[in-house]
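Should a chain be cited, it is by its letter among A, B, C and D, assigned in written order, with residues numbered from 1 in that chain.
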Amino acid sequence: MDLEQHFDATIARDQRIEPRDWMPEGYRKTMIRQVAQHAHSEIIGMQPEGDWITRAPSLRRKAVLLAKVQDEAGHGLYLYSAAETLGADRTDLTERLIEGRQKYSSIFNYPTLTFADVGVIGWLVDGAAICNQVPLCRSSYGPYARAMIRICKEESFHQRQGYELLMTMMSGTQAQRDMVQDATNRWWWPSLMMFGPPDAESANTAQSMAWKIKRHTNDELRQRFVDMSVPQAEKLGVTLPDPELKWNAERGHHDFGEIDWVHFKQVVSGNGPCNAIRVSRRRKAHEDGEWVREAAAAYAAKRKEAAA
Amino acid sequence: AGELARSCLWLGDDALIMSHRLQEWCAAAPELEDEVALANIGLDLLGQARLLLARAAKADPGMVPVVDQSDEDALAFFRDAEDFHNVRLVELGGGDFAFLMARLLVFATWRLALLQRLANAPDPVLAAIAVKGVKELTYHRDYAARWVVRLGDGTALSHDRMQDGLADVWPYVDELFDDDAELRAEFDAVIAQVCAAGTLQIPVVSRIPEQAGHTEHLEPLLAEMQSVARAHPDATW
Amino acid sequence: AGELARSCLWLGDDALIMSHRLQEWCAAAPELEDEVALANIGLDLLGQARLLLARAAKADPGMVPVVDQSDEDALAFFRDAEDFHNVRLVELGGGDFAFLMARLLVFATWRLALLQRLANAPDPVLAAIAVKGVKELTYHRDYAARWVVRLGDGTALSHDRMQDGLADVWPYVDELFDDDAELRAEFDAVIAQVCAAGTLQIPVVSRIPEQAGHTEHLEPLLAEMQSVARAHPDATW
Amino acid sequence: MDLEQHFDATIARDQRIEPRDWMPEGYRKTMIRQVAQHAHSEIIGMQPEGDWITRAPSLRRKAVLLAKVQDEAGHGLYLYSAAETLGADRTDLTERLIEGRQKYSSIFNYPTLTFADVGVIGWLVDGAAICNQVPLCRSSYGPYARAMIRICKEESFHQRQGYELLMTMMSGTQAQRDMVQDATNRWWWPSLMMFGPPDAESANTAQSMAWKIKRHTNDELRQRFVDMSVPQAEKLGVTLPDPELKWNAERGHHDFGEIDWVHFKQVVSGNGPCNAIRVSRRRKAHEDGEWVREAAAAYAAKRKEAAA
């Protein structure tokens, strides 16, 4: 059995590929891209919510939000480490991000306008992320699958916290309820877009499904998310901004309106409302930290020399 | 009870404002590892602030602003600058990573020594907060000390910046110590050790303290921190 | 009256927020001459804002928050972000001097064309404000244009920064124009002339507008601007 | 009559020295230092009040404050120009300032903690400045004397505005009255220090008086300021923080307490509460503007070349 056959057999038996195993170049490249984009998303995703830490209106919410953003930094760390097991280099990946050569989830290119956005991001954005990510806990690439198990656990904790914040706000003042509805209006459609283009137009799905680094199609996951969110919205008392949204007993699923894919492509290709600011803040942090990283390297080199 | 309330309030304010300055580094740290560490330290201090403010309020309910909010939130969000009792060290704004590490080293070394003493406080709540805090502060101090040494003995540039960071922080050191010579000696010994390891000079303090209790940095910090809470005084979050 | 109140409020909000962004450059300009010029432009716009907000309040008292303050102050300090009607261009935060000049060029060119039309407005108060504003905006536009040309055709570094500044501003240009093709053509002609003189490319707009009315920059701006006024709602200043 | 005799005779006749006139090196140096320090003071003085422009609690006060800070920039401009008539270079003077080699008025090394500080700076600090500066309108150096005439006119306008703000605040809420008293407590003694060390310890006074670039001694001016301020404080309804302050009918002046000259020397020598931040902000503005000034110079050079 040659290397490729061995690899195929491992996949077929639903066993995991580990860093030292032989793997096809295409698999390695696709995995690196997938993991790196996921890592970048965690890091960029710190910004829109992180902006509200210093302004959080209660100390408890401040602590919850700070802990959540810290978790996102942690997720970024595991994921860059997973990418490194595939031979990628973290500095190189960071440079790809800040030079716009590698993408991150386009959901983070929307602004957070009120504190209700923190709750809605937890509810809808983390909710959508979980739908996407739970199947990835069975990804064929071992280090990624294991990172995802830990990440999913934390994400569902974040989702519950976000939803709980919204429940509290909905039982507060009218101004608070209005904020929640407004945030829901703004984040609903972008959340649906998180699952990517419709299956008919999704180029990589077939190969990724074959390699078991993707387990469900975009449209399947999107449908699951809609079905999950509708009763949550009802319980919350907010209206989802889609007049065509309704239960279809025949399909056993909710029907929903047409997604504006032209808008989606604009945001993905760098023209969303906050793309420029997100990347430039990341670049600035990286550049401002240059002298610190250089100092740490110089110090380590001196210590090594002294020890030799 | 007056003494207890005051101690808790002052210690709580220090932790709250220092935490705020750490929160500002979110998504701006030099490495992801520091992102995690700074958030962690910010969280520890925020946790201490919450416990201490709640304890202060319980010991002297008269100091809590009358609003329809929990004690900790009433104290954090509905007091004005002149009613905050934090040391000026924690409120200073701006500065680079070296300044942040210089401040954190000073703050954590001082607070660790304080909390070690309070671990035997007569009030069991305060004592318990102190015991928990000692563990946290030990980590904070070590994190800061490692960076001060690394930057001090890293490149020529980082050495200069670290030295500048210490110089900017130093005028606010004296006021941390009333006349507890033992506390000061303990602090000085740690700082001397860290500076020696980092090939750094301990600055000569000469800047005089201000007349007033706060610097001009506190008011804008509070304006930001309190903006949402004050816009919705009747809200529950 | 509804139409008049709305026009005055919108124009007033634009001027107020743009003035705030210019105020932030106080003590930070590249030369003292620019310090003076930027303060001057900020003052002109603040003056326009005051007249326009007062006119809006008179035309429709129902839009003024009920507080014990003058109309202009009630509108400026006691409305929340969602009740402001400024264009997003003016609320964007941060940016270097090139960004500031790109924004000012766009803003002044657009507003000058608007005010020229309003000089014949049926409301004599608005017409008078517009006539005064035309003179001011002509100076603002020329000041910005001179810097855009100088930076564009200065050094390689300044050229790149100026080009970046234009690129950062450009996504917020389309929304300034509803469907008044004549206004847009007038604007485009001025910009084309300035860019040509400065060896600059006019950016290709492709960024889509946001769904919501404001960017995430407005809320923190207002938190700062309104902090003192809101801390003392019963005060007179 | 030689040059020096001619110079002395001009001074003696109370006529002005003009840029092209011969003057002793000592006179030139002293004048440059005096004018530069005054210019630096105007520029640094923009910061403590300027910080409140974006937070001013009414639009009218915001406009008044912005206009005042703009005037200060304008004063800086005239004064640097006056220094240039003596052969100094503005860039060189700016560098002396940001490197801490040339001083500015130590009053600006105190923090502005509330909006009442804006009023008290107008009342006391501008008031003290006027006491210092009115005699300088008769300075023997022409360009400086002419600059001072314009500056004094604007300063007294600022002083009236500051006092008027305080009057308004004193008739407002109790919190406002407390702010005014607190600000008065903090600024009173530093304002007295603005007149410099006591005559007995003031080294340069004699020569400066002889050259008519100084017209009154520090103690004379300080006494004038105290006598002026006491009735103003009464009218305002604030207490000046000096228990020894009282009318002395015999002297026809107010007696007042001992000034803390040790504190004063600390602040002058760079150790005041805000010295570091004031200078570093000025340095940052200067450094951040470097590329802009270079671009302007490059553009001007190109235009010149094209015209040639």
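One rule holds in what follows: a residue touches a chain if its C-beta (ideal position, glycine included) is under 8 Å from a C-beta of that chain, and two chains touch if they have at least 3 such contacts.
To keep track of the chains, here are their UniProt names: A, D = Ring-1,2-phenylacetyl-CoA epoxidase subunit PaaA.
In this text the structure is predicted, and so the values were computed from the model without any measurement.
Placing every chain at the mean of its C-alpha atoms, the farthest one from chain C is found to be B.
Set side by side, C-D and B-D show the greater C-beta contact count at C-D. Averaging C-alpha coordinates per chain places the centre of chain B 40 Å away from that of chain C. Measuring from the averaged C-alpha position of chain C to that of chain D gives a distance of 34 Å. Rounded to whole angstrom units, the spacing between the C-alpha centres of chain B and chain D is 36. With centres defined as mean CA coordinates, chain D is found 56 Å away from chain A.
Shared interface positions of chain B, defined as residues touching 2 or more other chains, are 220, 223-224, 227-228. Residue positions 55 of chain A are each in touch with at least two other chains. A list of each chain pair in contact follows: A-B, A-C, B-C, B-D, C-D.
Those residues of chain D that touch chain B in the shared complex are 48, 51, 55, 110-114, 182, 185-186, 263, 266-267, 270-276. Partner chain D is touched in their complex by these residues of chain B: 81-82, 168, 171, 206-212, 214-216, 219-220, 223.
Per the touch definition, chain A reaches chain B in the complex via residues 43, 46-47, 50, 53-63, 66-67, 69-70, 73-74, 76-77, 80, 115, 165, 168-169, 171-173, 175-176, 281-282, 284-285, 288-299, 302. Every residue of chain B that touches chain C in the complex is listed here, in rising order: 80, 220, 223-224, 227-228, 230-231. Of all the residues in chain B, the ones that touch chain A in their complex are 16, 20, 23-24, 26-33, 35-36, 39-40, 42-43, 46-47, 49-50, 53, 69-70, 72-73, 76-77, 96-97, 149-151, 153-155, 157-158, 161, 224-225, 227-229, 232, 234-237.
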